[in-house]
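Input: one structure, supplied below.
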Amino acid sequence: MMDIIALRRDLHAHPELGFTEFRTATKVVQILTELGYSVTYGKDAIDDTSRRGLPKPEVLEDAYQRALREGADPVIMEQMRGGFTAVVAEIQGEQEGPTTAFRFDMDALPIRESKLEQHAPQATQFRSRHEGIMHACAHDGHTTIGLALAERLSNRKFAGRIRLLFQPAEEGVRGAYAMVEKGMLEQVDRLFCMHLGTGVPSGHIRGASAGFLATTKLEAHFTGVSSHAGATPEEGRNALLGAATAMLNIHALPRFSSADTRINVGILEGGTGANIIAEHARMVIETRSTSEETNRELERRVRNIIEHSAAMHELTASVEVVGSAIPIRCDMELAELAVQQAEGIAGFTHAEAISDSAALGSEDASYMIRRVQEQGGKATYMIVGSELPAPHHHPEFDIDEAVLAPAVELLEKLARTLQTTDL
Amino acid sequence: MMDIIALRRDLHAHPELGFTEFRTATKVVQILTELGYSVTYGKDAIDDTSRRGLPKPEVLEDAYQRALREGADPVIMEQMRGGFTAVVAEIQGEQEGPTTAFRFDMDALPIRESKLEQHAPQATQFRSRHEGIMHACAHDGHTTIGLALAERLSNRKFAGRIRLLFQPAEEGVRGAYAMVEKGMLEQVDRLFCMHLGTGVPSGHIRGASAGFLATTKLEAHFTGVSSHAGATPEEGRNALLGAATAMLNIHALPRFSSADTRINVGILEGGTGANIIAEHARMVIETRSTSEETNRELERRVRNIIEHSAAMHELTASVEVVGSAIPIRCDMELAELAVQQAEGIAGFTHAEAISDSAALGSEDASYMIRRVQEQGGKATYMIVGSELPAPHHHPEFDIDEAVLAPAVELLEKLARTLQTTDL
Amino acid sequence: MMDIIALRRDLHAHPELGFTEFRTATKVVQILTELGYSVTYGKDAIDDTSRRGLPKPEVLEDAYQRALREGADPVIMEQMRGGFTAVVAEIQGEQEGPTTAFRFDMDALPIRESKLEQHAPQATQFRSRHEGIMHACAHDGHTTIGLALAERLSNRKFAGRIRLLFQPAEEGVRGAYAMVEKGMLEQVDRLFCMHLGTGVPSGHIRGASAGFLATTKLEAHFTGVSSHAGATPEEGRNALLGAATAMLNIHALPRFSSADTRINVGILEGGTGANIIAEHARMVIETRSTSEETNRELERRVRNIIEHSAAMHELTASVEVVGSAIPIRCDMELAELAVQQAEGIAGFTHAEAISDSAALGSEDASYMIRRVQEQGGKATYMIVGSELPAPHHHPEFDIDEAVLAPAVELLEKLARTLQTTDL
Amino acid sequence: MMDIIALRRDLHAHPELGFTEFRTATKVVQILTELGYSVTYGKDAIDDTSRRGLPKPEVLEDAYQRALREGADPVIMEQMRGGFTAVVAEIQGEQEGPTTAFRFDMDALPIRESKLEQHAPQATQFRSRHEGIMHACAHDGHTTIGLALAERLSNRKFAGRIRLLFQPAEEGVRGAYAMVEKGMLEQVDRLFCMHLGTGVPSGHIRGASAGFLATTKLEAHFTGVSSHAGATPEEGRNALLGAATAMLNIHALPRFSSADTRINVGILEGGTGANIIAEHARMVIETRSTSEETNRELERRVRNIIEHSAAMHELTASVEVVGSAIPIRCDMELAELAVQQAEGIAGFTHAEAISDSAALGSEDASYMIRRVQEQGGKATYMIVGSELPAPHHHPEFDIDEAVLAPAVELLEKLARTLQTTDL
């Protein structure tokens, strides 16, 4: 049996940012292959041009070299070069039956992990060895659960097929869409997505989640003409004036009566020196809405503001989608099945199908869920509770490792039950 | 002989705004005709579509009816209906010779005249009878001087031709260009423009002026879609957001190293109620520069900002030129001749050709001056000093009536001398 | 019996804006006095300094003189001079019992009424005789219903006391608060507020309304220093730059996760001419929220933005509350009683206690409702349906006069029933 | 004799940014000490708290360690630790006489030097060994000239005293003021400042320069409160909204009729991610004017805008002066003396006292010049021409090494002559 605590700690100590999960994904490929799964990865598992917010080539390459230095299998990894770090594994059960899929995300965050002694990874010496990168959103736990589940199901004692999706770049909602576009959700009848923590205590499970917002993340570039601010100011075309105008006007977009909305310019940067009229500015924006249509309308308006803020100052502007997600509507049959199956698992003390208290976040698993539902299948997004010493995305974030084993057991029960359940 | 004090006071008591000088211009036509001048007026003296900042039809008509009620000659005035209030008069001297022109402006300002007893027009009972309109820039004096000069020259004791130009709508630099476009400056060899006051004391004359800036006055309208701000904010297209964005960005246009510049959004107004998203906003802008070319570039940039501030909020925008002027370069030969001729006129104690202290104002006589110079002629813009109890455009502004007679005498001497002078 | 159609048409033909309801309120006082009610009005019925958005003294006086010319009783009206146009009437029933109050609003809107022949008031010749003012929100109907109700109850055939509140200045949510502050809601056990129309068809009644937002209307003034934009721009302090900055930043205030919000700068105006740096600008703003607390926070942030937008340009700013309302929570017992009593009234075909479809408007009756509830009483805001040829606040707005009689009957039944009902 | 070409190339190959000229200044101290000068440096030569735009401690320390690794004398350098890299040397002539000073700046720029073969330092292998730092403004030449001059004058064949000022951090106008504040200009009777290039061809010298503007460089920080943009936007205090508002309003500051002005926000940057409300923003601004007083007024207004742009969004703001200069008025007696002394020096073909074509730049030698003039002394800012393959601050900038020797000879002649000249 796999040592899931050791596995989780190894992943925690080697966190990798979105689309650079070379070491992690290679390990996933190796384990799944050894377990007898049919494994698809690299360009076969994710669509090249649908990937959003891809890091620059030199960043991809630096991470690749680091993984090589850390001993990742170069033959497997070669297929992932350039940021193709998705892995999909499938296994056929003893009998015919439906296809059930589980999705696990693998990427970490650009956060410097705490060195405080009360922080368990520091105390127990599995703190991040990649300075400035950290598993602060439990994806190390998710990947571990996925691999442990794979081991349990490798005996093929079930009907139908099991598909395990290991997704890169969930942070920034960048990777799922490209796996969907590559066809990785075709023929899936049931899909379980899952997250640890999110405010739910250890021992609790929630079968479905509400409150996921449609979102689009945009990166805009304004390009003007630099000039000496003292000698020839009139020859400049000031990119920062365009960006500042866009900043204010994007935030001034109206509320919508049709749906809840959110808007944020999270990054604005440009210019090189006090005496130079800024030639270039960069802006990162996100829109959100409870309605996918309203979110698209917000995106349209943001693009229009950027275009004309630039043109007003005779700048050129470009806008690129660097991430996106849609709302999630869970199928309550799956949620209730999860509640039912949690019964009797040691470590679970409370189970509920759904909660009123919706967190207003976004998840690109939403694309996978919708694709399954479009095909006539069912899907849900579950929460497995975990005490957290600090919130998600915090330098002292950590998970309660005791919840990993029950989570694996629950998924296993769902996998086996579902294959014979007519929903 | 004409009673110039009485004439000036009659004009002062009946001030008329630009393009509505129906009573004033009709009186000018009557007097000049009686004096034997060949008089051109109405649509024959000013180009229809080149007039800038024309008042709305109902405003023109209200002023027309007021002039009728005040006894203006309806036959003459009919030719001026709709704002064609320019008058040009010409007379041929006894011998052949060159053509000398003089320009006088006739319009008043939208200012409520003072009722204080220390204000001479109030004390002597020739305060404005048109409430809210006032001759606060001495154009009543200019018109008076023009008519008195006409009387002096009606004996034809000179060589060549004299042309007298009575211009509407100098305030806002709106009327001169349309007279030039109608050909009223053709064949002029020498042109004198003149202003009373402007900081020069009584008894002083200045033969030429410096410091006139090129300028453009623009009126912009932003049109969006109104909507109830509580119920359906997303259905509005907010004209005030567009206008406020234009306001800030127009003022943020760069300084120019090539020339001095000025920029001002002087009026911004829009919206109808707290709970309505504003459908419409109006903006009045002026650009200025020591360089005509730089002023044109500023105008281009202002238009671009307006266009894109509107488009950013899905508004339509229109921009109209409502006034304009260009820099003035006086011919110093004329300035020096004026200094020379002032010698010996009772009432003039000091004469100078030009001064270093330039006021940074604008004048649309500049178009007349340039046209004459383009034809090979010479032109200047003179100042006849006058003590002023309050600055130009002030409710207590008044001129020193004692300077009118010497001014007429100076112009008469210049008219007679010039016709035999080879400059 | 009162001719309610004639009364409504008389009121419609003589519309009066908020706090200038001199003719209307005087008529109300006369009728109620004749019916034997104890009538309170003028400064006794409304708190002076709590009135919001009071018109300027000259506007109040002009309206007062118009009412005098139209024959309003000068003795009664003298008590209302200066905008004290509230009327409260009370009558004691034959037995002891609780106090039930009804509120009716009296003011009209600054809208020019349609002259189209299909517009009934035009066709039937009771179109507004006060050009530019119009009863376009049914308050003429409300006042009529109130007076007809007063007549029905004047026989005192009920237990307890009936109080009738005739409110000025509901438009702009300006008058109710000052009546509450004067104590006009003290000892009220049950309160009915009522509106005609609002999208509900003729024959329908709704016992309670949802969706009323807290709101604050603010008027801000920015005062700087004017200067000639060409000669001495640096001496100006530009009020329009301050106002435009406030405009953009107020609209850029964040969405709140705690409640729905709305924000609008509905009017912005300033400046006098192209060549003058604007000395003054005026801005009218409204905030709204489903939460009173969030609305207060929005108001605080708006004030802060105005203060610093002004200070940034060395302007002074003042901000005044010109209207406000709070959310309404109806007591469903009253709503259900209304549904019950509507049964059997000719003219009512459908009654419902409340509807899901909430209009996002605001009402200052909210202050009256809350005061009654704070005292342990119960209150509701009812809708009596009416077909409308055009929406509220439209030049062709009109009510279905056939709904007036059933409305009076319903209120009468509620008045009599309530006095003996233990809710 | 010193090999000035070798010296210049050594300096060129080891460029150091402002206040980190540890290797350069240490070498200057060593050479001057060996030549017999009395040398002052470290905290004795520059005032601690008057230094502007000091790099962060870790940047200072990294540069310090690099100089150590490159063999700089650790004993001398210890006195300069923390950015005290000014050096002042003095020598007494054979007779008594006045004190003449020369100023040389030593710092380089954050520019990546060209690797093109046509770029002489690349071809001849003295390209920068400090990647990303480059002598692209000829300060390597200036320091070389200063040291060669020191050698020539070390024979003391002159009357009076010679003082040589080696200044750090001229780029960004940061270092001179602090040397003045430390008293390094006390008792100076004549001061020569000098620059190579600036558009003047090889062989030409110009005795005085016009067109230097007063300037202030400011760095502002806006600090708010970060928050999740989707979950709790109302809890954020958005630093980027404050900075964008400041950006637009600073650029919208008025033109001044009293003086030419310039204004630029050259850098604006803030925020960490699309979904986080930005907690922090940084802005770098410069003001300039032909008038020192107007520049101070501009600085005052910029600070006011920053303060209130921050307060408007409930941010805190800090503003620090990171550089400054004042206008320069050269003493023409010195300029003419330079023209005179250039006569007969091989390599100089043309000399002029001053030119009309003023570059609108800024120089903090201005503080030294004014201090000397305030003490009754005379000062000038000379240009020694040099062909340039690319403009100043360009990656391919280089000087014509042939001009170094004539420049040294001219300064030597001026030094010897001045000591016996009564200006």
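When the chains are written out, they are named A, B, C and D in that same order, and each has its own residue count from 1.
Operating definition for what follows: a contact is a pair of C-beta atoms (placed from the backbone, for glycine too) under 8 Å apart; a residue touches a chain by one contact, two chains touch by 3 or more.
If you're wondering where the values come from, they're calculated on a predicted model, not measured in any experiment.
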| task | Check A-C against A-B and say which one is joined by more contacting C-beta pairs. | result | A-B
| request: State the chain with the largest centre-to-centre distance from subunit A, centres being mean CA positions. | output: B
| Euclidean distance of C-alpha centroids - subunit A vs subunit C, Å | 52
| Whole-Å gap separating subunit B and subunit C, where each centre is the average of the chain's CA atoms | 50
| query | How big is the gap, in whole Å, between where the Cα atoms of subunit A centre and where those of subunit B centre? | reply | 68
| task | Identify all positions of subunit C at which a residue touches two or more other chains, and write them in rising order. | result | 231, 233, 238, 241, 245, 248-249, 251-252, 254-255, 257, 262-263, 277, 360
| field | subunit C to subunit B touching residues, read off their complex | value | 172, 213, 215, 217, 229-231, 233, 238, 240-241, 243-245, 247-248, 251, 262-278, 281, 284-286, 288, 322-323, 359-362
| said: Give the list of subunit B residues in touch with subunit D in this complex. | reply: 248-249, 251-252, 254-255, 257, 260-263, 360
| field | Partner subunit A, residues of subunit B touching it in the complex | value | 231-234, 236, 238, 241, 245, 248-249, 252, 254-258, 277, 297, 304-305, 307-309, 311-314
